[in-house]
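To start, the structure under review is shown below, and the notes come after it.
A, B, C and D are the chain letters, set down in written order, and residue numbers restart from 1 in every chain.
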Amino acid sequence: MQRIGVFVCHCGSNIAATVDVKKVVEMAMCEPGVVHAEDYPYMCSEAGQAKIQAAIKEKNLGGVVVCSCSPRMHENTFRKAAEKAGLNPYMVEIANIREHCSWIHKNMEEATEKAVILMKAAVAKVNLNTPLQAGESRVTKRALVIGGGIAGIQTALDIAEAGYPVDIVEKTPSIGGRMSQLDKTFPTLDCSACILTPKMVEANAHPNINIYTYSEVEKVSGFVGDFTVDIRKKARSVDMSKCTGCGVCQEKCPNKKTPNEFNRGLNNRSAIYTPFAQAIPNVPVIDREHCTKFLTGKCGICAKVCQAGAVDYEQQDEIITEKYGAIVVATGFNMINLDKYDEYAYSQSKDVITSLELERIMNAAGPTKGHLERLSDGKAPKEMVFIQCVGSRCADKRGKSYCSKICCMYTAKHAMLIRDKYPDVNVTVFYIDVRTPGKNFDEFYRRAVEEYGVNYIKGQVGKVIPQPDGKLLVQGSDLLSNKQILKEADMVVLAAAIEPEPGVRNIATMLTASIDTNDFLTEAHAKLRPVESPTAGIFLSGVCQGPKDIPETVSQAGAAAVKAIGLLAKDKLTTNPCTAKADELMCNGCSQCANVCPYGAISYETKLINDHGVREDRRVAVVNSALCQGCGACTVTCPSGAMDLQGFSNRQILAEVDAICR
Amino acid sequence: MKYSYYPGCTLKNKAQALDMYARASASVLGFELEEVSEWQCCGGVYPLGSDEIATKLSSVRVLNEAKKKDQALVTLCSACHHVIKRVNDDMKNVPDIYQKANRYLQLEEDYRGETNVYHFLEVLRDQIGFDKLKEKVVKPLTGKKIGAYYGCLLLRPSSILAFDNPENPKILEDFIRAIGAEPVIYPYRNECCGGYISLKEKDMSKNMCEKITQSAEGFGADMLITACPLCMYNLNKTESKKIPVYYFTELLAEALGLKED
Amino acid sequence: MSINNNSEFKPKIVAFCCNWCSYAGADLAGSSRLTYPADVKIIRVPCSCRVNPMFILRAFEKGADGVILCGCHPGDCHYTSGNFYARRRMTLLFSMLDYIGVENGRTRVEWVSAAEGVKFSATMNSFVEKIYSLGKNVRLEDLRCKN
Amino acid sequence: MKSEKKQAEKIKEISGVNPLKCMKCGKCSATCPSFAEMDIKPHQFVSYVQNEEIEELTKSVSLWKCLSCFACVERCPRDVKPGKIIDAVRQLVEREKDGDYLSPNEIPELLDPEIPQQLLVSAFRRYRR
C-alpha cells in the first residue's frame, strides 16, 4: 500500500462553487492508503505546487492524487513538481473534477458525490502505480533518403543545409527521377531540365550529401535514431574514380539494341550507357544483361577505347553498412501497365502512346529530337486525341481507385504546347471531369481552351479503332450533346494512371512502415502528421505517399526534411515510459501481439526462462520501448494475458472500474 | 482423355460442320467427346435477371450429368459456352440461385458448380497445347491470312468467362499459327455481330457486320473464322461481303488432313 | 416500494474515453459547460483499443448499469488503427452480452473527436436516458461484491 | 409516382446494379454498338433509374436494340454494368401483360433458309416472357 497524498484544487471558484472541496478532502482521508489530504485555491500555482512538494517530503508520500482540471492541462506541471520533491513523476494521478464534473453539473450535492468517486478512482489507480523511467536512446546524426528524384533531392538538400550528413540511395544509374524525363512543367511551362539540373548538381556538390546511384537498400534493422542499413552498390563495371565522362565508350559500343528506359523504350541505347546527357554522376554503367562481353565473352571494345582505363569487367557488387538516425522514403511512381486497357489499342498501334512517352517525344533529347511525329511512319500528325482517366478512378480490378491528380494539368500542358508549336494540329481532349485545384491551375486550363482552342469533350472513349490506312478512329461519348462520336486521329495520347514504384512494397516491409491497399505509404495521421510514417523515424516525401505534382512534392519534401532535422537535432530521445511489456513467464510466443502492433515494436527472442524451477528455452515477445507508442492494442489481443501496458495496466484500470462501481 | 460434350441445338442442325469437324479432330488429337445424354437447349442467351431460375435449369442438368461422370464439360458453340459457363458460376457463387435451382431439381446430390466447363479452344490451348497441335498438322494452311472473329459471347464478361484478354485476345490467333496460317489482327474482332437482333432488325446487324468484314479485309485477311453459328449467319448476310467465313473446326480438320475435297 | 425504488434509481455508468479524441471531447464539453448527468464517470485510456472486454465485464459484475466506449473517428485514430480493433472486439462482446441478457442498450461504442464537445454531451445524455429506461442491471452483477 | 419508385427498386434488384456507383463518364455509351438506334442511351438508363423515372424507360425502343454484347459491362470503369439495367427494364416490360416484342405469328415472314436455330431460340428468350 502506497502512502498517498490527495490535493484538492478550488480553481478559484471554478471547482469550489459546485464541488464541496472540504467534503472531498474529508472523504479522501477515509480512503485506504491516504495519509494526507488538503485543499488549496490554486494547486497549479507556485504556492500550490510547494504544498505538494512539502507534503511529499514531510509525509514521505509514495503517490499523489491531484483533484483539479483535466490532465491534458496540468498533468505535466504536477509531475514535474513531484519529481523536484524526489517522487517519481509517474506516481502522480489527476482526478479531473473540473471539465468532467464542476463545469457540467449544477447541483452541488451531485457534483460533490461525483468528485469524491473520481478522487477514489484516482487513489485506487495510484495505489497500483509503479515508478516509471522515461528511457533514452541515442540519435545517429545522419539521414538516409531512399530515392533520388526531385522529392529525394529536395529532402536531402534541406537536411544537408541544416548541417547533417545525408545519403541518397537511387536504384537507377543517375539521380533525377521522373522529373528528368519531363519536357516542360506546368503551370509556368519552364523546361524541366533547366530547373532540375541545378538541383542535381547542387546535391552532387554538397559536402553533406553522399549519393549512391545504381544502388538499393537491402536490409534495415534498428529503430528511430539508430537504424542500421545495408546498401547494395551494384557493380557498375566502370570505376567512378577514373571515369571522365567523355562518352566514347557509349559511342563505340557495338550493341545498341537495348530498349532505352529513359525514353520509355521508344528507342534503343547502347549496353554501356548513361541514362541521359545531364546524368549525375556522369559515369556510365554496363548493363550486364545486354552486354556482349558479359553474354558471350567476346567484345571488350569499351575497355579498349577508354583512355582513362575506367572500364572494369571484374567489378563486384558491394555492400555498404551505415547507421542512420532518420530515414526518408522518396521512391516515387511509375505509370501503370496498360495491358488490360487494350480497348485503347495501346499494344496494337505505335501511335497510341502514354503521356510520359509524349513527354519524351516532345523533348529535344528524346527519340524524335523533339519533333512531334507518329512513331509508326514518322509523319506529322494533324489530329491528336487525348484520353483522360485511363486506369484512374476505376472501381474494377483493372485500374486504380484513386484520381492520379496530375493528368488534368499535364494534358492541358501538352495540348497547349502542341497548339503553340504546331498551330495546324487539332487537339481534342476527352475528359470525365477536369480537376485543377492549385495556384494558377484552373487559369492555365482555361487558357488551353480559350486561347489555344483545345477542344474539350466531356465523355470517355469506348474504343480506339486502328484503320488499315494507319489512322485511328476514336469512338467516344460527347455527353453534353448526347452523341456518340467517331473522331479520326493521327495520334492518341493516354493519361495512364500513376502507381507507386513497384519496389516500394519491399522497402516498406524492411522499414515496417505501413502501406495502403494501393501500395502508397501510410501517414501517421492523415491531417496532422502527413509526412511521417506511423513507424517512428521514417518520413515520407513525394508520390510514395500519394499522387502529387511537382510543387506539392517539393513542399512535402521540405516538410519531411524538417521532421528529420527535428529528430537529428536531438542528442538523445526520451521515450514514453508508458509502453507495453510482456511477462516472459506467461508469454507463449504466439505472435498475435506483433500482428496488431502498428509500429513493428514487438519482436521475438528465444530466451532461457526459469519457470518456477523449470529452466527452458522459450520464444517470447520483446517490446522495443523506443518504438512502442503505448496504444495498448497488443494487451487486449494477447490470449495469455502476458502483455500489459505500463501506466495503464490491467490492474490499474480494473481498480478504477471497481472504485467507480463501488 | 474423355470429356462430356454439349453440342447444343444448332450444331445438330444448321451448324453440323462445326460439330462434325470438331469430333473428327478430337479423335486425331487424342481426346474423346462423349455427348451428354438427353441434353436440352441452353436457351441461347444467359438470363441476366437475378430472379431468373427456371431458365437456367437446363444448363444445370447438363452440368450435373458431367459431374456424375466426373468429366469436364466441353462446348463448342459460343452461345452455349457463354450460357453454361455463367450458369456454372452462379451455381458456384450465388447462394440465392444455387439454393433455388437445387430445390427445383431435387438431384440426388446438390449441384454446386463442381464441373469444369471448357470451350473446345480452351481444350486445345490448355489441355492439348498449341505446340502439340502443330506437331499433328499434316496439311498446314501456309500462306493463308486469317482473321479471327471472336464476337462478344466468348470473351465477355471476362471476370466470369476467364477465356482470354477481352480487349486483346490471342487464343484464336495462336490457333491460326498452329495450323500453319498467318493471323490478321483487326480491331473489330471482339465487337458484336448483332446477335439475335438480326431476326427483327436486319439492317442493324448488317451494318455491324459490314464494319467487321471491311475492317478484316482492310487489314488483309483472306478469310474469317468463328466459333459461333449465329456470328457465321450474320457475317454471311452483309451485302458487300467478299470474304468467306469458316468455322475454326473446319480449318482444324483440314490442317489435320481429315477433310476430303 | 418498487416504485419508490425506481424513482431513486441512480445508474452507475462507466465511460472509457481515449486520450486523444474522446477524452479531449469530454474536456471540451466541460469547458463549453454542456451538461450531462453526473451518473457518467470517465476512465481515461490511451486508445479505445486498450479497453479489454474484461474491463467491461468487471464493470457489470461490480454493478454498473451501462458502459460506453468512446474513441476517435474511424481513420482518425492517433495510433492509426486502434479504433478498428476496438470496434471489432466490442461488436463481438456486445452480441455476447446481449445473448446472456445484458441488453444491447447498456453497451455502446461512439466516435467522438476532440472537437465534438456537443456530440459528447449529447451522446452521454442519450445514453443515460437509455439506461434509465432499461433500469437497473442485475444480469451479471456479483452479489458478493455488494456492500 | 410511388409505383415508379417501386419499379426502380425492382430494377435494381433484378439487375443487381447500384446506379450510385456511376461516375457519369459515358464510357458505356461510347462503347455501345447500338447507340445510334437508341432513343435513351445506355448512360442515361443509369441516371433514369437513379432518378426513379421508369415510365419513360419502359417505353424506350432502346430495350429492343440492346444486343447484350456486354461491351459496356466489360469496359465500365465503375463496375456499374449499364447493360444489366437495360435488360432488367426489358424484363419488367415483358413480365407485364402484352409486353412481348415478338409474336409467333410474325415469325414465318422473318425466316430464311439459313437461319440457325440459335437465332430463333435467342430471340424468343429476349423478346418474350
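Here is the rule we go by: contacts are C-beta pairs under 8 Å (C-beta built on N, C-alpha and C of every residue); 3 or more make two chains touch, one makes a residue touch a chain.
This one's a predicted model, so the numbers in the text were calculated from it and none came from an experiment.
Two chain pairs are in question, B-D and A-D; the one with more C-beta pairs in contact is B-D.
Work out the mean CA point of chain B and of chain D, and you get 24 Å between them.
Chain centres here are Cα means. That of chain A falls 50 Å from that of chain B.
Separating the centre of chain B from that of chain C, both taken as means of CA atoms, is a distance of 62 Å.
Contacts with at least two other chains are made by residues 167, 191 of chain B. Annotation for chain A: residues 343, 463 touch two or more other chains.
The residues of chain D that reach two or more other chains are 71, listed in rising order. Pairwise, the chains that make contact are A-B, A-C, A-D, B-D. Listed in rising order, the residues of chain A touching chain D in the complex are 343, 389, 393-396, 398-399, 432, 458-463, 475-477, 479, 482, 484. For chain B in complex with chain A, the residues that touch the partner chain are 159, 165, 167-168, 185, 187-188, 191, 215, 218-220. For chain C in complex with chain A, the touching residues are 12, 14, 23-24, 26-27, 29-31, 33-36, 38, 41-47, 49-55, 58-59, 62-64, 75-76, 78-82, 85, 89, 121, 147. Across the complex, chain B meets chain D through its residues 8-10, 13-15, 41, 43-45, 47-51, 55, 77, 79, 152, 155-158, 166-167, 191-192, 194-201, 204, 208, 229-230, 232-233, 236. Considering their complex, residues 13-16, 33-34, 37, 64-65, 67-71, 73-74, 83-84, 87-88, 91, 101-102, 110, 114-123, 125-127 of chain D touch chain B.
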